[in-house]
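Heads up, the next two complexes both have chain A, just with different partners, chain B and then chain C.
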Partner chain A sequence: MAVETIKFPGQPGVDPDLEMGHSLMAQQRREQFIQTVKIGVVWVGLIIFLIFALLQFNFSPAYVFKHFGFVLQGLPITIGVSLASIAFATILALLGAVARLSHNSIAQGISGFYVSIIRGTPLLIQIYIVYNGLPQIGMALIDKGIPQGHFFILTAIQSGILALSLNYGAYMTEIFRAGIQSISGGQREAAESIGMNSIQILSRIILPQAVRVIIPDIANQFIAMQKDSALVSFMGIWEMTYRANRFARQDSKFMEMFVIAAILYWLLTIVSSWAEGLLEKRMRHAYER
Partner chain B sequence: MSDNAIIRVDNLHKWFGLLHVLKGVSFSVVPKEVLVIIGRSGSGKSTLLRCLNFLEEPSSGTIDIAGQSLTITAGTRYDHNKAIAMRLNTGMVFQDFNLFPHMTALDNVIEGLVTVKKMPKDKAIPMGMKYLQKVGLEEKSFEHPIRLSGGQKQRVAIARALAMEPKVMLFDEPTSALDPELIGEVLDVMKQLALEGTTMIIVTHEMGFACDVADRILFVDRGIIAESGTPDQIFSHAQDERTRLFLEPIRKVQQI
Partner chain C sequence: MKKIYIAITLLSIFGLVLSSCATGPAAAKDKLAEILARGTMIVSTDPAYPPQSQLVEGGQRAANTKCTSDLHTSSELTGFDIDTAVAIAGKLGVEACFVTPEWTLIIGGNWANRWDISIGSMSITPERMTKLYFTQPYYITPAAFFVNDANTTYTQPSDLSGKKVGACTGCTYDSYLAGTLVIPPFGKIEPVVKNITFVGYETDINAGQDLALGDGVRLDGVLTAQPTGAGWIKDGMPLKQLGDPVFSEYLAGAIDIASTPNPIPFVQKVTEVIQGLHSDGTLLQLSQKYYGVDLTSQAASYDWASLKQFP
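== the complex of A and B ==
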């Protein structure tokens, strides 16, 4: 549809209405930009203040620069463990949510039990059980002449990923359930009326819409997981927290080493939020007028 | 009741909890017939329509559609797979469109062909375009529903139902969610379908349209068919007191 414009005689191509709109929008953009700059200045000020404060109390910048690289080397492991865990957790959560919403009493029972037991216990205890507890069962099985017992004896990284996946899978089950339930019943009815079965309805109609709704929640979980992955350091995985801890204890430079780790976790979460923003923008396409 | 009926409903009952919504409804529809169901809100007319494609599970009764028959006895389990198979004989158009918002208009129309009928996409697309053309929206094929007006959405929904080539089209108050200026385009499409000999069952409050297009009208009141007849019989010579009471105020407004 063509935009109707009023043109005054003697002023070809100039539309005062449109001009006014443009100048109002420019004004709005300017004000927004100034606001952003002001907020940025506050952030820089706070960072300078923190650095200044630290330097007053026997904080060694040279030590930070010297060991920054050492902690940084743990970043790929932190990212790897988080990515693998969020992937498995998403699968668990999807299965959990579908089971919870199904009419099958066994599936509902298993799903409800899983969510309840995981949400009712601390993550640290779950890590202990997987890493230290399961091998006990594995050894007992091997003693009984069942060689498959060695499946229960996991490496530190496997244990970390398993514990984080199980833990986040339970929380994300609830997110998926809410997301699926947020899609109106009319969508299901329309799909049923053209003869689709429940698996087709879930995969082609409900999930594509639900995923868009829950992406911010999943991203939040992913960011939380990057930080919770620090908990696996006690198993001797050389990720960032473990590396920071090592020199911190050896040289009693706790503030220096943990500031390095904190900065790296912080940057990682900032990048993740930014990536999530891009993803959300891409998925908005179908919903923009 | 004629013998060549394409739909035959016998003694259909529906309870919602303790609420007895349909109290033994029986009727039949012959091929190419346009049946319009009218009645007050809450009279059970939408429930009746939704029972015909099992979006609502009937509590008891017999439903025959295009040679397939399903008898449901109250309090017993019935064959859900058969009900789902029978669903393909009917195409449903909803009051609030229920288009799939994450798909384009064309993808909405061919979704059933591709997913349910397993038709290859290169065959489904021309077919989808054919039905979009039928409702006058071929130039909107790549738009998502959010960019369509209410009337356009409902026309896409009609095309989506038609694409499955059902034996009977069911319309559940297809214009009730539309702005007044958009109702005409949807009714025009439905009139065209009626002229082409599509078998249709329509629940509507558009009495003028009902009068125009219906071969037969059912007046449903409190879960039973209070009266049925041609538009002339119902609108001008209603026998039943309830029908007259229902139509009187409407006739004053719509001047039928």
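== the complex of A and C ==
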């Protein structure tokens, strides 16, 4: 009868199970690496195919290189408009979510109405209303002798930021609500039991934990906003789409100019998702084993 | 206690915002006075149309500018319209600043005082006159017929009667050929060609390309802006102009009727300035520079007062 030998971790000698586990993991890593390389090759192949296809059809690369810098000059405005809008949208969303979760019927009503009306209408219509519609009210107020009517007549950039903030604020209200609700009720009760008031509970207990959950969603909204900021070009803001469009129309080089703009938006979103990954990792740190 | 502080802070912010607004630009008695006091004239232009207006690649914002940060300076744009706007502003003793909204926003009127004037090669039409005041025109666009180079039988525009004539759909040339074109203050313009077969195109260049295929292959003639057709010929298309231009569009500055305060003295002043720029030869010089021909003399003799825009 053979004696079974049991090997405990930390004991001297070779552990065949551990060895096997290690080699299995190494094998898996190798396979994953090969898979990544293969996917990369497909990407490069697709890009080469697209470039090749474009070059077959009257596409002028020289024109692209000549005007690349001009479209690139619009990048700071695209980023600036997106950053300002996401900041305001975050504030709106926080207020909206708190109102939505409160027991006050007026606050709940306002918040629900806001989310419903904004999510139910196209962003382009909202931009038109802010830029072209509001001044009608403003002019009428000024006519009535109320100089505050100026508030309703916003410049192109202000209109763009306001419309984007309102729009994304509504979507993010739902994200914030879900984030806040994901924190268990026991934490709130515990905080109440040690005498915190509701603002303290929100800022010290609920939000620090909720933010970790909603960061990926906010980042997604930010990336989407960078692309939606193209809609403000019709008001004459010189961001990337506007710049591309002007030269496209002038020289009938639509493919060239819009390819430039598309590449720049693509690169911008790649960088943003990478930055979001870093942020997410940092926020997750305390919860990793 | 804390709540009171918050309430006081909020109230004071609200008050500050309101008061800063109340001391806003409500003081001037008319638009002209407001512009002179501000030191800037805000001009709208759609920079997609060289040689009238286009963006300067690598154009930098002027260093010592009074234009606010959401406006562009003349160094970032170039073209006939831009130089004209700068010349007008110069005569008024103010700086020209530019905004670039969509063309449809400009011609629609109701600018909500976002900009003061359009110097955008806008043709004077009866529909636009319901929303905008027009200044003295600063140049014209003559319309002319073009035929294929190979043709030897046509000697004047009326020879194209009964033939196939191409032009852009829905534009001035379409209305002219249909006999519905009205140019203030002259009224209805009777076309010199009769019973033509109209062929509509998305843009003028498509009509030019079809005409270039050969005499009578797809088209017998094309009606377009004389400088446009001259440009095609310069680019090597086998075309020639048929006779003299048949009519002219008058292109003028436009000011929103709904602007506040009262814009009428501003319209009158800009008209006076443009008349001055006509008589001192500035506009003729610009026309020679950008078009190589005189497109301004006819605009100088336009009888602006007969538009009767003001009651």
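By definition in this document, the second predicted complex is superposed on the first by the 258 of 289 C-alpha atoms of A that agree within 3 Å, B and C clash if a C-alpha of one lies under 4 Å from a C-alpha of the other, contacts with A are read in each partner's own complex, and residues count from 1 in each chain.
To be clear about the criterion, a residue touches a chain if its C-beta (ideal position, glycine included) is under 8 Å from a C-beta of that chain, and two chains touch if they have at least 3 such contacts.
Computed from a prediction, not measured in an experiment: that's the story for all the values here.
Student: Once the two complexes are aligned on chain A, which partner has more residues of chain A within touching range, chain B or chain C?
Tutor: The partner that reaches more residues of chain A in the superposed model: C.
Student: Quick check for you: in the superposed arrangement, does A:Tyr287 touch first (chain B), second (chain C), both or neither?
Tutor: first
Student: Who does A:Gln27 touch here: chain B (first), chain C (second), both, or neither?
Tutor: In the superposed model, A:Gln27 contacts neither chain B nor chain C.
Student: Check whether A:Gln35 is in contact with chain B, with chain C, with both or with neither, and answer first, second, both or neither.
Tutor: Once the two structures are laid over each other on A, A:Gln35 reaches no partner at all.
Student: Would you check which partner chain A:Gln187 touches, where first means chain B only, second means chain C only, and both and neither mean what they say?
Tutor: Only chain B; A:Gln187 stays clear of chain C.
Student: Figure out whether A:Ser102 sits in contact with chain B (first) or chain C (second), or with both, or with neither.
Tutor: Touch partners of A:Ser102: none, neither chain B nor chain C.
Student: Quick check on the complex: what are the chain C residues that touch chain A?
Tutor: Where chain C meets chain A, its residues are 18, 21-22, 24, 26, 47-50, 54-55, 57-58, 70, 72, 99-102, 105, 110, 112-114, 258, 260.
Student: Can you list the chain A residues touching chain B in their complex?
Tutor: Those in contact with chain B are residues 184, 186-187, 189-197, 200, 204-205, 208-209, 212, 286-289.
Student: Note which residues of chain A are touching chain C in the complex, please.
Tutor: 67, 69-70, 132, 135-136, 138-139, 142-143, 147-148, 150-151, 153, 155-157, 234-236, 238, 242-243, 245-247, 249-250
Student: In the complex formed with chain A, which residues of chain B make contact?
Tutor: Going by the criterion above, the answer is residues 53, 55, 84, 87-88, 90-92, 94, 96, 98-103, 111-112, 115-116, 144, 146-147, 157, 160-161, 164.
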